[in-house]
Amino acid sequence: MTKSSAASSADGAGRPEGRGAGTGSGTEWETVIGLEIHAQLATDSKIFSGASTAYGAAPNTQACLVDLGYPGVLPVLNAEAVRMAVRFGIAIGAHIARQSVFARKNYFYPDLPKGYQISQYELPIVARGAIDIVLDDGSVKRVGVTRAHLEEDAGKSLHEGLPGVTGIDLNRAGTPLLEIVSEPQLRSAKEAIAYMKKVHTLVRYLQICDGNMQEGSFRCDANVSVRPRGADKLGTRTEIKNVNSFRFVEKAIQYEVARQIELIESGGAVVQETRLYDPDKGETRSMRSKEEANDYRYFPDPDLLPLMLDEEYIEAVGAELPELPDAKAARLMAQYGLPAYDAGVLTASRELADYYEAVARAVPAQAKLAANWVMGDLSAALNKEGLDIGEGRMPAERLAGLLTRIADATISGKIAKEVFEAMWASGDSADRVIETKGLKQITDTAAIERAIEEVMAKNPAQLAEYRAGKDKLFGFFVGQVMKATGGKANPAQLNELLKKKLPE
Amino acid sequence: MYDFCTDFRFLDGTLMALTRAQVESIAHLARLELEPAEIPAFQDKLSRIVDFIGELERADTAGVAPMAHPLPGLSQRLRPDAVTEADEHDLYQRNAPQVASGLYLVPKVIE
Amino acid sequence: MIHRQTLARLVGDLRARKLSSVELVRACLERIEASQPALNAFISITAEQALDAAQAADRALARGDGGPLAGVPIGHKDLFCTAGVRTTCGSRMLENFVSPYDATVVERLKAAGAVMLGKLNMDEFAMGSSNETSYYGPVRNPWNTDRVPGGSSGGSAAAVCARLIPAATATDTGGSIRQPAALCGVTGIKPTYGRVSRYGMIAFASSLDQGGVIAASAEDAALMLREMAGFDRRDSTSVDTPVPDYVAGLDAPLEGLTIGVLKEFFDEGLDPDNERCLREALTVFTRLGAGVREVSLPNISLSVPAYYVVAPAECSSNLARYDGVRFGHRCESPRDLQDLYKRSRSEGFGAEVKRRIMTGTYVLSAGYYDAYYLKAQRVRRLIAADFERAFGEVDMLMGPATPTAAFPLGAKVADPITMYLNDIYTISANLAGVPALSIPCGFARGLPVGLQIIGPHFAEQRLLQAAHRYQLETDWHLRIPERFA
């Protein structure tokens, strides 16, 4: 551990994470991170054309004349992409531009068919919003969102299996993107991930992005720099491009921070450049092809008039926003008495929260129990099979049926786990599993007493010892009776009756 | 008959010349390859053009907003989110110089 | 001779079955073939398709069907995309480019029954004022084949002038309809920006480009424009206001209208012979009952430099798509990606196009954007405001379309600025997006002179009406070069 990391402040700032073999010059380093998140908007058609945005089609089968940049064609903006951007803007409390402008970003690249990308530059549709993240110590940090703008995605370059050439697939070209740019206010890889996850949650709540990182629907560029703690001036930053998992973003940032500190401490200087994260090697490397100084020559796209939005439109979009994660978590705490942790976990996705609430509404008295089951056994079972909550393997009313039987003492919590497993495997209701497997709890005092008497009769030695004062053997008798009843004896009743019977 | 050119600065020898390096760098940005022999001609003509458009300097535009579009006050028209395009890649790729398996081919791109 | 008939007359004769479309199309095709060595007005001649379309038109006419232009032969400037037909834009870059789709203008004229005979020659990517930048060789002026026809729609103007076809589509970014119309003595109208869809019209400078018509008369132009104009959902800059019946309004009297004579256009640059024709034309309008007064547009002198910033800037970006990957010229055996880009583009584009791309790249680049591009856009607003002020006082503006009559081939190639200044009177209308037309109003030393009429946004009808009333009083528009009479 270096001195600097030991001295990191309470808000988690200033840890030079993943520190390599540093020399420990004694300088305290502060990490400064800004994220540019690219969220593909979940429209059916592209941002400027009527081609499909569906993922996974054969190469260039979803690239129409507009996407190919054919001579003479013109872009026409997708109304739904605009609505989605406005939804996001309202959700983060940002300013929605009454007039925004599309600009051309000019550069040559084979996956960029027109030789320019239509984006927004000086007047983005969304500006000056904020997103709250929860830090490790439970405190809340507000991260500024500088802007979010609409732009078109590029195509893909394919290298594998093509000796000496690169293949260009333009199916993705023209897919709508919302680029969400944070202020450089993130101070560690952990904060960066918390922010990124929060944005991920938010875009899915808003149903504007499917959040699928494997398919590239949600990607991130990280601008990373370090500076001596207390310095006003930002250090030279590097940009890590297109990292497509939370884990890789964290690792890439950690690596990059360590690299930069080591570089500076050994007398070098950080070069402003674009770097690529190599997940196999766990390191970032300079992207030579993008090294050349770019002059993008932004100017307003003359094919697209300014986009004007009126109050009425913005209000209408705002009125149809769903309940957002922070508000939902607060409500779950108030309405169901959940602790903050549970509320946070359960609101990580809208589907999970909806599911939880459906269960909790069915068994209102068992809201906390419902939270435990949803976060515990159910989540574990889903994870194990790689399923989503929305896939219907365990409908909410079925889980609620199980919780009802726990609540009315038909089964014990322990038996419930067995019932759950059977329900999961068979798709049957809790009642049916309890019925067919005969797992109904025994609450008949006479039956339990009979079982106790049999056990006492079979174990005279232990009974004698217990009566002689070996209290520990109480548990032995509980176990034996449970065994005899197939675990179905009501535990509370059993305890009470044993306490009465054993000393007799 | 009147000759317009006398009216413009480049004839009094005060031409704002572009350097060879500037011309080369502009050509590179525009992905144009100029033969070394043709650079002086481009340098000369572009310098005349740059000098000519330098006339704009004399306009008093204080407080005037730039006008990117000739129909002021109009808002951009949007289209409904509907898939209207079918797969026509065979037709569209008939104009392509080099394709294989539906992909457009270019010399290897190194990242 | 049927080629001497106006489009209006041909429409009537075809409908009355006095004439078949096949007969008419054959006659035109013969004239086109015969004219090619002298004029080079066409880049592609689509005889076979034309005859098929003519037969179809005749069948429709026989049934009493067919659109308003059923069976009428026309030509398209070779930057309008035509499905299944080569569309070159006058460039080597698109020498083998076969468009998979029709431009909206092409589609509409097809739907109206017009028969395309071929694709008309033009300056490369519409960049030029003399038609000398075409990769397919210059077009020559039918009045004097040593002279240029003007540009960039030189093929359209020459073809109509020589009565190879009664009308042609054209486009105008800085004068490319009006200037060749003036130099060839035909009628050409550039509508309001947004009036005619730009979809399928290969872009030069998107905020200035506008499709229009070159025809023998205002009435013929009105017939064509009525079919071409109108909102197109594929062009979000096209305007959704109803298209008036341009033909119906032609005969309305001019009494009560006020014409502003553009003071700045009658400057030392204007050839005295041209000025004489223009002054005479103004007296005709006075006779027709219009009021005439002088109007000043103080910022108009800045329009050429402003244009030569805005147009190249947009063109540098619009032409970036020609990279040798998806369509267009590709160099032989590229060494690497940069070599592919640079050689394909350098081989595919001619010198003037390269100059404009480079000028545009320069004015948009870091450090120059504010001084050139933004400054030009501010000047553009000043010019637009000048027009707005003027149209508060007068109904239309009149002045020359060009400073001189047609100049000899090669006369202005050496210096780009001399060439650019040829558009000095036409460029401002593009910057302001207002409609303007040019009609023949006399001859200077045997070459036609054009009168330009400029109107406020969407006043095409008024411009056509003024031009038509003038053409009822004069016969300049009926004159045909002897060789093609």
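First chain written, first letter: the chains are A, B and C, and each begins at residue 1.
As a convention for this text, a residue touches a chain if its C-beta (ideal position, glycine included) is under 8 Å from a C-beta of that chain, and two chains touch if they have at least 3 such contacts.
Only a predicted model underlies this, so the values are computations on that prediction, with no experimental measurement involved.
J.: Using the stated contact rule, I'd like to know whether B-C or A-B comes out ahead in C-beta pair count.
T.: Looking at contacts between chains, B-C has the larger number.
J.: Return the chain whose centre of C-alpha atoms lies at maximal distance from the corresponding centre of chain B.
T.: Greatest centre separation from chain B goes to chain A.
J.: Would you identify the chain whose C-alpha centroid lies closest to the centroid of all protein C-alpha atoms displayed?
T.: Of the chains present, the most centrally placed is B.
J.: Where the centres are mean C-alpha positions, what is the separation of chain A from chain C, in Å?
T.: Here the centre of chain C sits 57 Å away from the centre of chain A.
J.: From the mean C-alpha coordinate of chain B to that of chain C, what's the distance rounded to whole Å?
T.: Comparing mean C-alpha positions, chain C is 22 Å from chain B.
J.: In whole angstrom, how far does the Cα centroid of chain A sit from the Cα centroid of chain B?
T.: Whole-Å distance between the two chain centres: 44.
J.: Pull out every residue in chain B that's touching 2 or more other chains.
T.: 29, 31, 68-69, 71, 74, 76-79, 88, 92, 98, 104, 106-109, in rising order.
J.: So which stretches of chain C touch two or more other chains?
T.: Counting only residues that touch two or more other chains, chain C contributes 97, 100, 207, 233, 236-237, 316, 320, 323, 325-327, 337, 341, 361, 365.
J.: Scan chain A for residues touching two or more other chains and write them down.
T.: Within chain A, residues 65, 68, 70, 76-77, 108, 110, 166, 168, 295, 297, 299, 302, 304-305 contact more than one other chain.
J.: Touching chain C in the complex: which residues of chain B?
T.: Within the complex, chain B contacts chain C at residues 1-2, 4-5, 8, 10, 18, 23, 26-27, 29-34, 42, 45-46, 48-50, 52-57, 59, 61, 64-72, 74, 76-79, 88, 91-92, 94-98, 104, 106-109.
J.: Give every residue of chain A touching chain C within the complex, in rising order.
T.: Interface residues on the chain A side: 65, 68-77, 104, 106, 108, 110, 113-116, 166, 168, 295, 297-299, 301-305.
J.: Where on chain B does chain A make contact in their complex?
T.: Of all residues in chain B, those touching chain A are 29, 31, 68-69, 71, 74-85, 87-89, 92-93, 98, 100-111.
J.: Going by the contact rule at the top, pick out the chain A residues touching chain B in the complex.
T.: Those in contact with chain B are residues 43-45, 49-52, 57-65, 68, 70, 76-82, 101-102, 108, 110, 157-159, 162, 164-170, 276, 287-290, 295, 297, 299-300, 302, 304-308.
J.: Given the complex with chain B, which residues does chain C contribute to the contact?
T.: Within the complex, chain C contacts chain B at residues 96-98, 100, 193-194, 207-208, 233, 236-237, 239-240, 268-271, 299, 302, 304-306, 308-309, 316, 320, 323-328, 330, 334-343, 345-346, 349, 354-355, 357-359, 361-363, 365, 371-372, 374-382, 384, 403-404, 415-418, 420-421, 424, 430-433, 457.
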